[in-house]
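Quick heads-up: structures coming right below.
One chain, chain A, links the two complexes that follow: it is found with chain B in the first and with chain C in the second.
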Partner chain A sequence: MKSETVKNMDVLLRPEKFRAAVFDRTASEEGGFSNYSYWRSTIRTFFRSKFVVFIVALIGMLILMAFLYPALSKTDPGAISTNPMTWNKRPNADHWFGTDSIGRDIWARAWYGTRNSFLLAFFIACSDVGVGTVVGALWGYNKKMDPVMIEIYNVMTNIPSTVYLVLLAYIMNTSFLTLFIAMASRGWIVEARFFRNRILSIRDSEYNVASKCLGTPMRRIVSRNIIPHIVSLIIMETALVIPYSISSEVFLSFIGIGMPVDAVTLGNIVNQGRSSFALHPYQMLLPTAILCVITIAFYVIGNKFADASDPRNHV
Partner chain B sequence: MRNVILSARDVEIKFRLREKVLTAVRGATLDLYEGETLAIVGESGCGKSVFTKSFIGMLDKNGWVSGGSLLYRGEELTRFKTEREWLRIRGKKIAMVFQDPMTSLNPVRTVGEQIAEVIVWHFGTEHEQAKREAVEILRRVGIGDAEYRYQQYPHEFSGGMRQRVVIATAIACRPEILICDEPTTALDVTVQAQILALIKQLQKELKMTVVYITHDLGVVANVADWVSVMYAGQIVEYGTSRDIFHDPRHPYTKALLQSLPQLGVKGCDLYSIKGTPPTLYKQITGDAFAPRNPDAMEIDFEAEPPMFQVSDTHCAKTWLLHPFAREHAEKLNFAEEARKKEAVAAQAPPFDYCKADKLLSVRNLTVKFRLSHREFKAVDNVSFDVYRGETLSLVGESGSGKTTIGRAVMKIYQKAEGEIEYAGKRIDGKLSKQERRELHLHLQMIFQDPMASLNERAKVDYIVSEGLYNYRLFANEEERMRRVEQIMAEVGLNRDFISRFPHEFSGGQRQRIGIARSLVMNPDFVIADEPISALDVSIRAQVINLLNKLKKERNLTYLFIAHDLSVVKFISDRIAVINKGRIVEMATCDELFLHPLHPYTKALLSAVPHPDPDRERAKELLVYDASIHNYKIDKPVWCEITDRHFVFGNRYELDMYREELGI
Partner chain C sequence: MLRYILNRTLRSILTVVIVFVTVFMLLRFMPLNGYFTDEMLKVSDEQTRMAYLRNQGLLDPPFSQLWRFVKNLFAGDLGRSLTVYPKVPITILLCEKIPVTAAFGAASLVLGMTLGLLMGMFMARYKERLGDTLGTFYVVFVRAVPSLIYLFFIQVWVSGVLKLPLVFYEDRPESWILPTICLSLGSIAWYAIWLRRFMVDEENRDYVKFAMVKGLSKKYVLRRHLFKNAIIPIAIYLPSDILFIISGSLIIESLYAIPGTGGLLTKAIQKQDNNLVQVIVLMYAILSVLGVFLGDLLVAFVDPRIRLTEDEG
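Showing the complex of A and B:
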């Protein structure tokens, strides 16, 4: 090995090699190139941990199941049986997770409930984050809005959410829409403040000043300079609002002012399971398990995504 | 008698970065001697920081020493595994001072506690005793009223004082080796000189070995006994500082020295190193510098040169020292001589002010800021003119208000008092949207930090044509592409770079994108806000040349904002020196360097580092103290003392200045 390299050196070390070489300008510039991409690195960092892959797969399966089951299965989650023999059945081959006190199949109800609760939470998250981003952007850009908005923020966050929700639920009839309005009318302000702070820090960054000097109109600054920088935040916030909304719905149903009793939602199922918990504890098992998985998983996903979207972690 | 204290042999350091392995240090060999000063010089990204961090086991967690040996007093440091082993050495025997003083201090604890803690931690000294020692050390690093300042928090210190505190924590354990990683890069020139003097004095008192890591050769000439030049993870030349500055052998060392603006001739292109350092992901064959070296030989691309001994103290890793290369080397020397002569002959004539017309005129500009209910004047009653076709430089230290002036002219701040006139039209006060648009078509700005001033999520194509879109300066898509490609060629970037994102580029390339973005609009007047201060010395030359070239070709007028007088001398026709929001002196470039009048100007000039060890060591540092001015009764005025030489002073001072000039 050693002698080989020496021989190679001898071949190379000839006087004619010591002449001027041709200078290639492009080759000299190549060094600065790196093929880093923000989104690619974010996604790679996100999926690097096995736990995250597992959680995402789990959530994927849950959602798939929640939407496929109602479409494929013929079991009616609201079908009440008049035959007492079919009430409060323990898990068996027909009813994998048993039946409740009026003979409804818990397995079917759990999936219908997951779907409904999930849809509700998704709409709430979209409206919270959507309204929050827009208001936050305006707020961040308009110093004059500051006193008014901070007052609104203080008032809205200082009233305990339970009191507010209970009042609203009394005023309006309980329904999907009521619940949506009750939660969405409140959640946006927290998001607005969050986005306002973020936008405030991006607003005066040098590339925005540069864009202003180039005469870029406001709407293009927002669409090209600001929004691309907060997309990852929007995703993260949406992922974090979903579990919060689901647990709020459960809580409201729990204290009896959530959805109407005949609506199939996770909250109602858990609540009904609770009432017969002392005698038939199995009834609560599946819905609470799903609830736990959803809330924990979304929290993990939101937080891990926040970490992954931070360029400092892209190593 | 020279005793080796630390010896690094063929050290190789690797990093795992985004699933790829990068070799940051590729076999570096180095000896440190007791009580001597070594400077490691090189561009950013050549591995100098990483190399020295390995001496104290402070590599980032994705990096590791993959080969070679590090012998410290007979102990093999590469075998160290646990933190405990390292703690015996780190801080206690080998300490480090980092670039940014704010990040190395804990903001919520008093500086005294932080120093005392180091002493308690390493020596187990009693608390009271440690406190006394900490006060003593603070006094030692030149902090007056040390007992009182012991109880202050880092934010109550200025940048220079903070760096003194960092040095105090580093020397608290009387280390044998002090590593200073760019200790003065974040500081102003005058403060920089003071910190260097402090480190030198401490070294003598404590008999330390000091290692400087820097890209600034001026600093090196001042402090170093030994210099090693590092490139692409290898030490390419090593010698005493006289060897390196007076007789550089490696083409990279030569290029680094030649690209300093101090050595340039006004009106000619500054020597610049082409391109960027290589990525260390790839296997490098031959001399790593060859692709950027226009005078490279064929052998440079094929085989890695060995270390050739030039003299007892001087060695260099280049094929130019091989006997076969004698002919080529002679040719190079000859060409170099010819170039020098030519440069002197081609010196540009000074700017002709008699025929010039005013493009921008600023009168009594005052900009106030409110900081937590306290109002302060960032710019205080400043007046100046800029003539069409000239370069006026605003020079001052950080916080002097020079950037604020530029931004006020650019109308980024709406609330500025005073009159600003551009091309005969008043632009102060509130402008309508249309007027602003009109103004920005002629007036453009180049920003300081190429990292922060480009939108990371947009492609270069969009960034460069942003202004074109806003003003619809093109008839169709084809014309836009043509203009973008043309400006990319003008700033020396490849055409296919336009489909890339800014983070894919190095600092120098990014700054050129920033320049392209402003100049694609075809402005008449460009405000360049410290366009090179965030760049490496070697890259600075590229950007300076580019600015000069564009100025000539397009007949531009520059307002150049800088803190470095050496750069300014090379590029400007006139210089205005600004201190605490006021212009204290303004004159043509030659006049200011020949006859500086204001004491602040003199202090600034004395602090400029020179790449010549003999001159640096003999130099006397002037310190400016604002309390020498007595403006209580005799109010100062802005006075044209000789033709186009303005100075700020009261009657007594002006008389004194006149005497100095002999009129």
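Showing the complex of A and C:
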């Protein structure tokens, strides 16, 4: 039995079956190469879940609709009707979601409102995260800024954000610009601290220290080891600030110091729907649904993206 | 320990001063109409109004206004309400309203912590099963959707289903139930998701595995080992929870018509009552700094690491 195997092996391993390899310079360089790409893996991990694909498609459609509808439709969201017969109409063929207490079409208002609220929230998110990243990077690399920045951070975060927003909205006449200023003037410091801590911990983590010891230039460490982390954090934070900003706008409208009454935003529409809810509950249906979908979707996308951007979750 | 407390106290005092001065200066930009009562706005013309403002010292440089405000503050005089409760001294108003808000805040703080921690434990135990999924859905919903929306629907629908009163009545104790629960919804979500993650992470730690290997029951390890370590982060989160509840009280008190300071601030803003807005905003700002300060002291008290390092150093 044993000798049988040995004999077989001898047949298999006969020397004339082998040939010495020719030395190939390029092939020898490829030894340690893996085709791992951070962004490809992140995106693949992100879209692996069906739920995420669904939510991204949903939010994409909502936003597309919110921008296309105002551009293509001729319905004026602020068109007031003097004919009481057209007030508070139930949903019908002309007005898919009915009309409000002065005859404005709710379907049209909802899309205009979504566009305006989303744009406001998006600009706030960009400003918060943009300023936050730059300041956070400077702060992380400059110990001298610590006392001043920490004091600013303490003062800003010690006041509840709602009280701060109420105060600023009260002393300014509210418009898109002032609401933007009120929210953006607070958000950046929170982001700056977040990015400072993350940049510090990435910069001082062991693989970067080791890389530095091996003589990797700083430029390469920044571009290959730090920036990819930060970019995914930036995307995540932007996605998470958007629902927060939309909520703040709704809150300010509720207190009575939000956007002017004639501005079409989700906050105004929801609050107008709320005041006539007892008699005409359907007026709140569409705006509330859009509001819930947008905020939840961005929240989920932000969190799922954070998971996907962590290399430990890559396969 | 003593040095830490002293250091922290001084820092908080500094923060209080900065917050106070900043907020006071910002408040100088309040709309001028807010300084008048309704009848004064109806009767007087532009000139008498300016004369009135000058007379009241409202056109003085901000710092002299600040100085006067502080002097009056220590004399126990906060000025009078203008439009909400015309001519009533604000100190009397606050004495009436603060106990209500404080009671609601304290009740929902306790409720939020208890329910939140219970829910977190539950979610960690049934990890990745139905209970966990439902819990996660609740947390995502509460944290993402504007609170106004679900609070409003709870007020309208749940009160109908449970036959609870729609607004607050001082003489009906059952009208306390809904507002307290509403106020704690956010805290429940925070505590639950946090404790769940803590438990799941901690279960893989060596000291837990070692305790299990020694033959201790899972229940015992959970209670005696894991939970003790969870207390410190809970204490760290407490101040943010206080801020969160202060924020929430603005909406809930005006939804349920609760006679507290949050509802008063909302009303004062809608009716442009500058004196009231100023006092309440300053009060909230200082209260928040105090809340954070107390939270830090609590952490120092329960966390042996801070106590020990400070004693050595």
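The definition used in the following text is that the second predicted complex is superposed on the first by the 260 of 315 C-alpha atoms of A that agree within 3 Å, B and C clash if a C-alpha of one lies under 4 Å from a C-alpha of the other, contacts with A are read in each partner's own complex, and residues count from 1 in each chain.
Operating definition for what follows: a contact is a pair of C-beta atoms (placed from the backbone, for glycine too) under 8 Å apart; a residue touches a chain by one contact, two chains touch by 3 or more.
All of these numbers come straight from a predicted model, not from anything done at the bench.
Residue contacts after overlaying the shared chain place A:Leu13 against chain B, while chain C stays out of touching range. Once the two complexes are laid over each other on the shared chain, residue contacts for A:Met85 go to neither chain B nor chain C.
Considering which of chain B and chain C touches more of chain A, the answer is B.
Legend: residue contacts after superposition of the two complexes on their common chain; A:Ala93 is shown touching neither chain B nor chain C. Once the two complexes are laid over each other on the shared chain, residue contacts for A:Leu167 go to chain C alone; chain B is not touched. After overlaying the two complexes on the shared chain, residue contacts for A:Ala21 are found with chain B alone; chain C is out of touch.
Looking at the shared chain after the overlay, A:Ala71 reaches neither chain B nor chain C.
In the superposed model, A:Pro228 lies in contact with chain B only, and not with chain C. Residue contacts after overlaying the shared chain place A:Leu214 against chain B, while chain C stays out of touching range. Touching chain C in their complex are the following residues of chain A: 151, 154-155, 158-163, 166-168, 170-172, 243, 246-247, 250-251, 254-257, 270, 274, 277, 288, 291-292, 295-296, 298-300.
Contacts from chain C toward chain A in the complex involve residues 11, 14-15, 18-19, 22-23, 26-27, 29-31, 140-141, 143-149, 152, 156, 243-244, 246-247, 250-251, 254, 265-266, 269-270, 277, 281, 284-285, 288-289, 292. For chain B in complex with chain A, the residues that touch the partner chain are 17-19, 62, 274-279, 290-303, 319, 322, 324-325, 327-328, 331, 410, 412, 436-437, 440-441, 444-445, 447-449, 452-458, 462, 466-467, 469-471, 493-494, 500-501, 503-506, 508-509, 514, 517-518, 521. On the chain A side of its complex with chain B, the touching residues are 8-9, 12-21, 23-38, 41, 44, 205-207, 209-217, 220, 224-225, 228-229, 314-315.
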